[in-house]
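One structure is given here, and the rest of the page talks about it.
First chain written, first letter: the chains are A, B, C, D and E, and each begins at residue 1.
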């Protein structure tokens, strides 16, 4: 099992945002985490990726507990996440944003950069190539030299994905990657995600766009009021009464 | 025992001065997110105008008060329209604006020095300055006045910021100008209110301390440092916090000055550093 | 090494003299009147035919009371402007920084106002060419020590600011008073710009001293006097030179009444009176006339030496300075004259200090019968 | 009620909108659809005065309001709920909502709530529960609700909504659109940008399609929805 | 983004030319004053480069930089004059010790952000200033320490201190130039823009901040060593909080985030006052006004002006081409 979450609990004062949640993500699969607004999905992501300290529970990445480790360490171990609200480095071009995301494994450090050793020069070239490849893959090559505030919201979301790809992480946690995309764009994103999956990555997605989820994922975990209320294949979830009542509603939206 | 009481009173009255300066910092900060490093110079302008009114022209206290308030309104206008607005328009970073306020501070004190001279001037007290005794402890009327006025200002401005629509709008503008815009808040007007209020409070600060420490074009820096420290120690997000920070600093300084005067300031700053490490956004965190 | 290239150029060129002092910032209260006093003297000397026919040109540089700037300015005055001598300003710290540079070039420096004891040492390797118009802190302190003994005080407390002025003053007070058999019971200090001195005052009171020696500048000095009044402690107080500011009496009001403090200008002396009138007519920015008169005297002293060296700088001027004898001054007692020798680089002689007493919020002449001077 | 005539606008010398014209009649729900980057948000920002129009004119209630300040437009009854929400993260939910009423009268009046609160709380009960929580700590969907709620607090005549369903759970999206219909019935005119075209066009009286800054199609909601081109571009694949 | 100009020496050749120019300057110009001014500019450049890296690049404000300047100066001076430590050892100890103190201080202090960090660093320099002024047996109090450069360093080194100062400044520029074109440089900018975002991409934010803090403190220590031996007397005033504020102003006026800007800022702060003497009393007033004008009308600071001018001079065709393009757009 690539990722295992066990008995995870996170409280904010009196509010239990995540309550004894456990589930797992299999290697090479795309798993979805869904649930009503405020169900605790983002909070769960924050606990897994090291941004929050959960009050209870374990998170096992490749069978080792990563709770208590700082976020950058967790990324270096192979788990990357995107943010629900896009956050880019405003002072850099899109290309540089992606290059920065690829920095961790570049082998550059303070000392060798100070002296600009040949290894740094070489790594810079590699970073640039890698970033350009990713931009091409995401159809963003034409905005490479723009600054984040100059591109549209949808493009920003793609840049977010580009960044986690650049980190070389094996497991990608994505918070609402399809938000703000229209159906055809979502369709393209499905293809993109499948491509990503093919490169051997595993993905855990939070998303409210049910067409996207049902089409794409192999397994769904449903949260409500911080608790897991269901887990299963898209087919099972689609027909789960509890889930329909709490989350999916009459189905008009997911036509 | 009366020594401690006396030290306490002294700490509270200097602390109230720091608190008053902190209040001026916090008003601007809570309506624009700007930390005004020219705050000390604004106080200086208040003090120099007090000297100008009372000693230069022998006006009455009332007319001097209006001269001070009038000049502070002018300064607020300059501050907003000549400095902050153009800088914000060009998308300048927070840091550039801070440096801008520092430069404005230089211009204010040097300009004042060119106009009224670079001397240190004495300014007569507002009320007859015969000490009042409370048991074994004595206090100067001027200091009592400082305490009373600065505390009333803090309380009324706190009320304004937290209990009126305009006050809430001011805070909203500082948090997000875009948000304020779409909420229908008239931003330029809010800024004008914030800048003017802060400048007027600084001016009153200058008016109050001039009889204690005199007026000089260069008195700004030292007073601003303490006022800023008070605001930071209290927490920048709360209008009243600076006064509490100021009192803590004042009392600490007062007591350590008694035991180890050479290091009193350094010890006070060290205590503040420790408090900050424990509470990184001040004693009363930005948003409780 | 380059002293031979300094000074003497064409016979008609003006003789350049530099002044380095604080013309902006807090210390400009002293630095600007100092400069104006010098300028007044320069104008008079020039109107009078200058130095053996040559005019004097004063080049003033602002060091903002910053030692680093001061040193750079010294370099500029010497290398670019080629001044023959430099008049030093009011801050001991900056004078210290610039005199090391100046001495390297063998240019004489004549300090106008700064008082630190360690600034003058004709036998030192680092600043053998530094002279001073005014006397040092110790000179003032000796005078006040005699006064305190005369009044029958034994246990003395000291309050001083924590600058170079206050700190070295405190050291000297301790040394001299002990030498004279007095007892410095306690010394406290405070930062410049302090808003409250209650703690320091209480501390002095707890120590049960007979008299207090204040070595701070005007505003804090006044704050101290007001605090004394507030806690109703009637202790005799004497003060240092730095209290000679209008701000002191203005702020202290009647709280400072009775206090004794040293000054350098005696209003009963005709020369002083004349200077005061001339100065106020032209500048009127130095109510106590301490700093302007020191600048004025310094320039006359330098002019006397320049006349001897015939406008020549370097060693000739140093020699000329060291042989100045009995030059009359507007500062100092009734018939005070100044002189240098090769191991006395402080110009003043006995009979320099005058005591003022504060009365009704003003400085009033107290006595010029002051026992004082060098050991 | 709202007329946009030949408006061009953009950023830093680059035009995003090219001579866009459209109409929103009183009492209608009008949708604007288009691909990412087409300029929909830019158009809304230009209408509400956040972004200057470089050319063309905008009329609101038959008054020319081109480049009027946002606050004056809010006062006139035009409220924009932007894509990026622009909440006040450091303020409480309640304070955020109160600020929605800032334009109404800005005297130094005391803060107090009124019946509008109840309206918003009925629509989004969770906001009532969280009324003293800081907006910045709300979940994504809760923030979206708050942004819409704040917009409603000023009792607008015309509501400009930029992707109200963004980040909202399906069950709630339905509820929001039901409420929009209800608001519309109560007389509020709505100009809507929405990616979820199947549902938005369904409730719209009128719709425009924007592509590369130009209006390329318009018609009733149903017409646009059923247009084969729309089907392909916006609903393709599902 | 417009707020942070990132104009840099874009070629090592320019740097090389600069280096050669300054190395041979003393052979052509025989003006000790000019040399001293250049030395002071170089010292302030070292301070500015370090601070700019911390502040313009990493976004960590420091109003306490002169404390490290002081630590370098005092440590070397105390070791050399009071303990007769050979200068080369004293210098190394001064730099390492300053780095160590910066390291220790950075842990609690860098937890703070923005204005809180500003106050903490300001408090730090005020504390250091007090200690320098009050710990008389070691620091000499306000009388300071006299450094007899010639006898401590030997006449040859003392005579050629200029080359040491210029050499170290050139090396510092070169290093920072390297940093700014490497991934490390970008990562520092990233954490400036969004700490959580950077952290989530595996950038050890805390460690990088500490690195930047320590490195810039060490550069300040080098500047302090040079200052002590150049001026031959050090007192607490030289390193006061006011100097820290000036340094900050220098970086912003020069052009935040730009190494070139740090140097132009140093030139500005040292040279401008020299030109303002004629205005005497009004010189500081004019100085403050000029700073305001630069901030208001030249957002990229001096580096921005420099860049524009050089673009105009050297790439005239390209530049005017672009310009007209924009004009057409605006007119349409």
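Keep this in mind: contacts are C-beta pairs under 8 Å (C-beta built on N, C-alpha and C of every residue); 3 or more make two chains touch, one makes a residue touch a chain.
As the structure is a prediction and not an experimental result, all values here were calculated from the model.
Peer 1: If you average the CA coordinates per chain, which chain's centre is most distant from that of chain D?
Peer 2: Relative to chain D, the chain whose C-alpha centre sits farthest away is C.
Peer 1: Among the chains, which has its CA centre at the largest distance from chain B's?
Peer 2: A
Peer 1: Please work out which of C-E and B-E is bridged by more C-beta pairs in contact, and write that pair.
Peer 2: Output for the comparison: B-E.
Peer 1: As a quick test, compute the distance in whole Å between the mean CA positions of chain B and chain E.
Peer 2: Centres of chain B and chain E (C-alpha means) sit 31 Å apart.
Peer 1: Can you compute the centre-to-centre distance for chain A and chain E, using the mean CA position of each chain? Integer Å is fine.
Peer 2: Chain centroid spacing, chain A to chain E, equals 41 Å.
Peer 1: What's the distance between the Cα centroids of chain D and chain E, rounded to whole Å?
Peer 2: Roughly 49 Å separates the two chain centres.
Peer 1: From the C-alpha centre of chain A to that of chain C, how far is it in Å?
Peer 2: Averaging C-alpha atoms per chain gives centres 73 Å apart.
Peer 1: At least two partner chains per residue is the criterion; list those residues in chain C.
Peer 2: Chain C, residues with two or more chain partners: 24-25, 32, 162.
Peer 1: Residues of chain B that contact two or more other chains, please.
Peer 2: If we look for residues of chain B contacting two or more partner chains, we find 110, 113, 118, 262, 265.
Peer 1: When you check chain E against every other chain, which residues touch at least two of them?
Peer 2: In chain E, the residues touching two or more other chains are 3-4, 134, 281, 284.
Peer 1: Within the complex, which stretch of chain C touches chain B?
Peer 2: 24-26, 28-29, 32, 162, 188-193, 195-200, 202-203, 206, 217-219, 222-223, 226, 229-232, 245-253, 285
Peer 1: Taking the touch rule as given, give the residues of chain E at its contact with chain B in the complex, in rising order.
Peer 2: Result: residues 2-4, 55, 61, 108-109, 111-116, 118-120, 122-124, 126-127, 130-131, 134, 241-242, 245, 248-249, 252-253, 256, 281-282, 284-285, 287-289, 291-292, 295-296, 299 of chain E touch chain B.
Peer 1: Give the list of chain B residues in touch with chain C in this complex.
Peer 2: 3, 6-7, 9-11, 13-14, 17, 55, 110, 113, 117-125, 129, 131, 138-140, 209, 211-214, 216, 218-219, 222-223, 250, 253-258, 261-262, 264-265
Peer 1: Which residues of chain A touch chain E in the complex?
Peer 2: Residues 49, 51, 70-73, 75-76, 80-81, 83, 87-92, 96, 99-104, 106, 108-110, 113-116, 120, 123-124, 127, 147, 149, 163, 167.
Peer 1: For the complex, give me every residue of chain D touching chain A.
Peer 2: 11, 33, 35-37, 41, 83, 126, 137-142, 144-145, 163, 166-175, 195-199, 232-238
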